[in-house]
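What follows is a pair of complexes built around chain A, which joins chain B in one and chain C in the other.
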Partner chain A sequence: MSQCVDGFKHVCNSLLRCFDIDIGKSSGGPGDPELLARDTVCNALISSSISTPFISVSEIEALYELFKKISSAVIDDGLINKEEFQLALFKTNKKESLFADRVFDLFDTKHNGILGFEEFALALSVFHPNAPIDDKIDFSFQLYDLKQQGFIERQEVKQMVVATLAESGMNLSDEVIESIIDKTFEEADTKHDGRIDKEEWRILVLRHPSLLKNMTLQYLKDITTTFPSFVFHSQVEDT
Partner chain B sequence: MENSWFQKGFKKIEEPKSPDSMIESLMSDVHAAFAVQPMCYTAFDLISSLAQGFDLSGLFEKEERSGSMFTTKKEAKEIVSKFEEIATSSERFDLKKINVGVIKMEDRREGRKGQVAIEVEIFEVTESFNMVEFKKSGGDTMEYKQFCDRELKPSSKDIVWKWQGN
Partner chain C sequence: MNAFELISTSKGLNLGLLFEKQMVLQVAPSLYMVETRKSGGDTLEFHKFYKNLTTSLKDIVWKTIDEEKEGGTQGGINGAVVAS
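Presenting the complex of A and B:
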């Protein structure tokens, strides 16, 4: 365990040195947003390193490149607002989506309506192919738990099904929708209390692993090839 | 041949089946296989497949993705028939069944990276509402894309209700 943390600190220190060299636009003074961003992300990643020890220096750098690209799309302030998030996801900011909102809210752990690099990187780390499945199960449960009550109610499922169909331009009769939800609850709600709790969700997902397919982004494993410009900035070898 | 000496151990060679009757027997095999129900889709499967907002791969992609999933109001056996039709008229793809609800289309020709193969999976949401997902399971991606864009997608139009992502 301590080896993980030490290894991680080493990675982060390398990253710190690395950003010092790449001074570029930042003034480098205290309070500089770029320096603050990378300091906080390092600290956050160190404290979570026990569960996500997979991030290498070049992966963090590449993730930062992605973050900069997304966060400068509308307002160049080093932060991602909801509009920029929608733009990045759908390539248009005209698309309202219950689901994008939900994802954004989950990323926004500080609940201030904007995503800093730390929130962005930490949330995305759950989507890495190597991230623990329990983290993915937890995150997906929270996604569906619209009211954040710690269980998924039938009404929430219906709301999401209706929204999904509407977004896709399909309509189904209420009867058909109810039967889909009936079937789902029959399988998932083993305690028969009209809602799906974490335990029941876990069992359902382990039986239907494809339910977690959205929780893994293969792109994260190859992110350094998607953003290769960073390879030249880095003066430090990956350990 | 009437001489008993020739007839000893002789087994009459069956006439090779004509292509039409082979297709017929293949079709009845495939239909028989699909007498069993394809995999059931829960409400969560529906949401996770169709809700674009839940799919973060958009963050990494530069253009809009072309879909590989569609909803249909047709029953499983009609869907299978449609893919059989597409395979037959392509004059290069063969149809095979892998599993309940999964069929495979394989190119007879060798492409740049072997034979292009496409896996098609059917998920049942309700009796009159199915999801069809297809993906490349072999061969060169460019060749797969070309076949999808030029033949598979245009030909499947009459069974498609909505393409994912549109």
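Presenting the complex of A and C:
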């Protein structure tokens, strides 16, 4: 893991050096917000406790292209607000979602209602195919812990099941919903206290890895082909 | 079926959608803007597809951005304003 961080530091230093050299060619001068954004991200990623799987310069640049696209959709201010996030996810600004709200809140580590690039990149790094599974387990646990009390309660599970069914227009009777949740808790709640704690969650998902399927985005591995970085002409070679 | 299996199928939890390109903006109650963007692949094929799409929708498409520009296509973003 320390090898990963060192590798990343090396790439980040090259990235920063590269932009020092190019500063005359960039569209802004020193203090160019885009350069600052990248500096911030590098520092944040280096000092973060998540061992980031984004180890190449072009991956970060490609992620930045995606960020720019999403953050300029409604207000072009270099930040993603809740509406822009909904738009990016559902392709319409008219959809509200319990889950999108929860995801947005988890991304928004500064709790100021908007996502800067470093929050965006850090949160998405958990979804990389190479990210440690523990990070994915933690993130998904926090996602489902709606009231953030450190437990996934039965009532929260029911709320999420009902929301999912409503979204897809599927109709299941309350009886059927209750029995699905019963069976789930039977297996998951080994301490029999009516709620799922972090340890129980961990054991459950390790036994059923498909429960973490939505915690991995293959796109992140191929992101450089989806978003070629044609704005920044980095002279750094990807190792 | 596991409750969490069901929950994880929800659209709001599938961030892969962030990478998808088609956007529908509700501009007014009966007016929608559809943006079709090519993310990869053959530009010529995309253009054929796009021409096909706009021709079939001729009755409800007001104007495509292509028709506003003259010639000059970059195979990038194409847009159409559609009345619903």
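Miscellaneous remarks
Simple rule for what comes next: the second predicted complex is superposed on the first by the 209 of 239 C-alpha atoms of A that agree within 3 Å, B and C clash if a C-alpha of one lies under 4 Å from a C-alpha of the other, contacts with A are read in each partner's own complex, and residues count from 1 in each chain.
FYI, contacts are C-beta pairs under 8 Å (C-beta built on N, C-alpha and C of every residue); 3 or more make two chains touch, one makes a residue touch a chain.
It should be emphasised that the depicted structure is a prediction, and the values quoted were computed from it without experimental measurement.
After superposition onto chain A, partners chain B and chain C are found to clash with each other.
Contact with neither chain B nor chain C is seen for A:75 once the two complexes are overlaid on the shared chain. In the superposition on chain A, A:214 makes contact with both chain B and chain C.
By the touch criterion defined above, A:206 lies against neither chain B nor chain C after alignment on the C-alpha atoms of chain A. In the superposition on chain A, A:169 makes contact with chain B only, while chain C stays out of contact range. Looking at the shared chain after the overlay, A:93 reaches chain C, while chain B stays out of its contact range.
Look at A:179: by the touch rule set out above, it reaches chain B but stays clear of chain C.
By the document's definition of touching, both partners, chain B and chain C, reach A:160.
Once the two structures sit on top of each other via chain A, chain C runs into chain B at 60-68, and not at any other stretch of 24-32, 60-68 or 150-158.
Common to the chain B and chain C contact sets on chain A are residues 66, 70, 88-91, 97-103, 124, 127, 143-144, 157, 160-161, 163-165, 167-168, 180-181, 183-184, 187, 204, 208, 210-211, 213-214, 217, 219, 226.
Residues of chain A touching chain B in their complex: 66, 70, 88-91, 95, 97-103, 124, 127, 143-144, 157, 160-161, 163-165, 167-170, 172, 176, 179-181, 183-184, 187-188, 204, 208, 210-211, 213-214, 217, 219, 223, 226. Those residues of chain A that touch chain C in the shared complex are 66, 70, 73, 87-94, 97-103, 124, 127, 143-144, 157, 160-161, 163-165, 167-168, 180-181, 183-184, 187, 204, 208, 210-211, 213-214, 217-219, 225-226.
If you check the complex, the residues on chain B that touch chain A are 40, 42-48, 50-60, 63-64, 71, 125-126, 129, 161-162, 164, 166. Touching chain A in their complex are the following residues of chain C: 1-20, 22-26, 39-40.
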